[in-house]
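Here the chain labels run A, B and C in written order, and each chain numbers its own residues starting at 1.
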Amino acid sequence: MGKNIFKRKEPLTDTQLLMSITICIFLVMYLFAMIFLQGGFLHAQQIFDMLNDNASLLIVSCGLTIVMIGGGIDISVGAVTSLVVMSCVLYLNRGGNLFVSILLALGIGLAFGLVQGFLISFLDIQPFIVTLAGMFFARGMTTILSVNPQKADHAVFNALKDTKIEIPWLGYVAKNGNLVPARIELGVIVAFVCVAVIFVILKFMPLGRHFYAMGGNQTSALMLGINVKRTRFMSYILSGLLSGISGYVFLMHTGAGNATNAAGMEMNAIASSIIGGTPLTGGVGNVIGTLFGTLTLTTIKKIVVSSGFNDPWWQSITTGGMLCFFILLQSIVLSRRGKKKA
Amino acid sequence: MQEDTLLQMRHIDKRFPGVRALNNVDFTLRKGEIHALMGENGAGKSTLIKILTGVYQMDGGEISVEGEKVSIRSPQDAQKGGISTVYQEITLCPNLTVSENMFIGRGKGAWVKHKALEKRADEILTRLGIPARSSQQLGSCSLAVQQMVAIARAVDMNCKVLILDEPTSSLDDKEVNMLFTLMRDLKSRGVGIIFVTHFLEQVYEVSDRITVLRNGELVGEYLTKDLPQVELVAKMIGKELDELSDLSESDVHEENFNEVLYEAENLSSSDAKPFNFSINRGEVNGFTGLLGSGRSESVRAIFGADKVTGGSVKVKGQNVKITHPIDAMKHGIGYLAEDRKRDGIIAELSVRENIILALQVMNGIFKPISRSEQEAFADEYIKALNIKTASRETPVGSLSGGNQQKVILARWLLTHPDYLILDEPTRGIDVGTKLEIQKLVLKLAEEGVSVTFISSEVEEMLRTCSRLIVMRDRHVVGELKGKDLNQAQVMKTIAGGEA
Amino acid sequence: MKKNVKRFFSGGLGQLTIPIIAILLLVIFNLIRDPSFFSIGIAHNSDGNMVLAGNLISIINGASELAILAMGMTLVTAACGGQDISVGAAAAIAGSVFVKVLKSSGGNIHGGLVVAAFVAACIVAVLFASFNGTLVAVFKIQPMIATLILYTCGRSIAYWINGGATPTVSSPIINAIGSFIPGIPIPTPVLIVVLMAILFRLLFHFTSLELFTQSVGINGSAARLNGINSTFIKLLSFVILGVCVAVAGSIGVSRLGLINHETLLLDVEMDTILAVAIGGNSLGGGKFKIGGSIIGAYVIQMLTITLYAMKVSSTDVKAYKAIVIILLVVIGSPVVKAKFSKFASKVFNKEKKAVVKGAE
């Protein structure tokens, strides 16, 4: 029995399998765009633009991925992002301190995480209802703060906002002969740091593994000696905190607060996580997958626009189709594997 | 003796709404002993264990480990106190790897060192002879291996008290022996093992001491070698075993059947290999074989519970197609599934709704049974089968295991089946109800109902069946009837000796 | 009496405890705040009909679409253990189809055409619902994820149906559906809710759908082995929801006399799920009470109207609504309930002891 233990290479785990599928599809899709649509897709700036525009989406998706791995759901993330944007703009415009504004963003996110996490973990209330209420509350508070759009008017902040990292060798030569270097906003760096930190937490820290255990089988996790309530609490705190960060990054990208900011972001974030290989069933998933999920979602929208389907409805119809494709694919792949095991 | 005491539970009380689950129960476990905890369903075994593992809080009494009083409020507390449990249902996470399942929830450091843990896990697995690899996803292992991983986890936690709650119910003989070797090994290292099981032979094979509970009260503690099996059963059910002799074997082995009710040729399903099978009107026959031999899969194929892939079926001489449960039901076949919780009861619905469910399905969705009729049916069967329930509107999930099983039996009897398949109807229920069910089977047969009876206790089958189909490795390997129908011959055929 | 109070607090009313408490609290609050809140008057509307008017009427009227959707959602929740988050988007599609058919005749809207338009809306809504249902029942995808697809693109499909326009329809018939039938003082949508509720009652009386749905929702595997076709039951629940969506969409369009794909029944999916939950139904499926969900819908609407009456702007309402929702679910949460009933039994026991002592 013991002989063949080390011989065979392990088959991929569910998480690895789903993530690999997403990465492959993303690469194929992007290659397709480079070959047939050319244009912007040939420049590195295209990817950077996608990242610049979606850094905050990526951050909330990471938070959502954590919650979803733990078997929960958080639909307040978009609204919290919006509330953070509005609060920070108003604070900065009153001559506030930049550093304090960052703390404010983190504080709002953390507060939502704490309250929602407490209600869900310790009072056993369904996460959908709690975070739905959280979403209503954050959206309502945003309009109470200001119904009108507010533009950030703060010298230090604007300087920070306009800081971009330029990478000349990834740039391209424009039609007029000038070299346009590739530009990355600070928000993207923040997003990547978030992805990296969460990747490490999920993979190498006990807390992260506890998220997987809890999402895989809650009763088992309890029996294995994991403090399920605390673990679930932590997942919502992380998600709330990331929503706070996302709000600040959103503000650094747009430089203005608006009541309709980040509208529908929660659903985009759920879509990114699912496409990235984190099904809502819990216990499976990875933030690297989520990164590619976000990229896939953005790329498909760009491809639709570049292909000449300019009517406003095409983008979301394609997104829906894409989502449908991935959901079906994952369901079929996972159920086939399930059958093989039995 | 006193200094050998490892775990002492004294005057334990536990009440649930309306029930006194444990009443002043004492339990003592010594170092290096295997202590069987015995009792009928509802005796309070699982409650006692759940108190010990921190799932329930006791209402009164005290627990001490190695002489020190402890308070156990959660599974973590129990683990810290050196008390580990391996449950009947696998309580591991199938989405994690084997090594993670062994070490999760125990680490102290800030980091999970996957490589180091996997190496250590492999060492333990090899030492215990468990056929799994540490980096494998647990969900890809068989159930038996998953169970052994759970034991490996407990072993590695240097537990002082190891609780094995029905650990052998999903293992085959070889695996059971492996487990016993492991248990003896642990015992020699001074671990105290609490062993809960329904298999009497296993108790006598491996345990040193037996504690018997009945109706939430302590009956007594005995040395295994001083307590004959018959007496043990008597203590468990609280009455002498005269009743068992009611069912003498001679009653059932007559063969004057004249009508073949059901006949299958080369029937196969996604889970069952092709087999032939037939049953006469009024006959009781059984499938036997070890767990995993394909006996349950075969009857599931008869009922259309799994995807039927081939073969021809005749009911009362007519060629019919049975691919879904509803087809089988329409041809007068009923099926009581092996796993009562998963495939039988609708826990939150009332006894009444559970009883009329199958009949309602057969009537179709557009012909609902009126409320008054439903109540009449429910009352009739609650009385006929002596179902102990507060009322017909009580959720069936709150009944005891034996009574739940009776509700499901009532459900099928109400459809007035010609052919009833009972897969492990007596598993995990008390001895009294077991007898009632066996008697019922014989009564049904007298009334002309054909019954296929499956039980892991061969004796039970010998008492009720006039013909046994023996399966091994998913194939029918023999059919026993008449004078061949005895324990020795059955064992021989199952084991693969000369028939 | 004391026993009743005790039973009440320990959830003796079963799953209707929360919605009934909620309604009572809101009524008491409004009575204190402004006793005239509940006055019902008779007014002449723009067509010169005598109609009922007042806050209560606008609550009951305004909750119509929500109540209808909540009925269907309860069934889906019970059978599938999850929710359809695409009902708002699907209602926009149904509304668009409704208008498209009405517009096809070139302005001459007669009764037959309205029926045809409604049937068309029903067919389209049921088709989309079947798509959702197939994903859930056949491919075994969680309802929330499966319906996320239509949620994402539904309103765009609605936009596309009318070619990016927001056409208006005006006709006495449409007006009658959306507000009042001449001669009847009760708003038509309310009558439609009553009609739908009766239809559901009849459906449960003349079929075993309730038993089968609960069986599938509680234990799918056992239901299958008892011959219930759970795929069919789940699909059927979505189809029934589809019909509800078409009815709600048509009412919504008739109220305004136009289809706006962006705003028609916006965010209604969230309110609908909330109505189901406030109604005491488990969002995890299983046992259900449609009546609870209907009451839940009125609780939500009453809350909204109360807030409007307190001069809260429509955009800010959400924040207050959220607080009330949280309060409601906290009161209803099993943990708090257990603590509360423990506390209550302590208090009552103490009193009992005191009484006994006094007797001595």
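One rule holds in what follows: contacts are C-beta pairs under 8 Å (C-beta built on N, C-alpha and C of every residue); 3 or more make two chains touch, one makes a residue touch a chain.
Computed from a predicted structure; not experimentally measured.
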**Interface ranked first by C-beta contact pairs** = A-C
**Centroid comparison with subunit C (C-alpha atoms), farthest chain** = B
**Request:** Report the inter-chain centroid distance for subunit A and subunit B in whole angstrom, where each centroid is the mean of the CA atoms.
**Result:** 46
**Prompt:** At what distance in angstrom does the C-alpha mean of subunit C lie from that of subunit A?
**Reply:** 32
**Complete:** In the complex, subunit C touches subunit A at residues 83, 135, 139-142, 144-146, 148-157, 159-160, 164, 270, 273-274, 277, 283-284, 313, 315-323, 325-326, 329-330, 333-336
**Fill in**
subunit B contacts subunit A in the complex at 75-76, 79, 85, 87, 90-97, 100-101, 104-107, 109-112, 114, 122, 125-126, 129, 131, 133, 135-137, 139-140, 153
**Asked** Given the complex with subunit B, which residues does subunit A contribute to the contact?
**Response** 1-2, 5-6, 8, 10-11, 13-15, 203-206, 208-210, 212-213, 215-217, 219-227, 283-284, 341
**Fill in**
Residue set of subunit C touching subunit B in the complex reads 205-209, 211-212, 214-215, 218-219, 221-229, 286-287
**Prompt:** Can you list the residues on subunit B that touch subunit C in the complex?
**Reply:** 303, 305, 324-326, 329, 335, 337, 342-349, 353, 357-358, 360-363, 365-369, 411
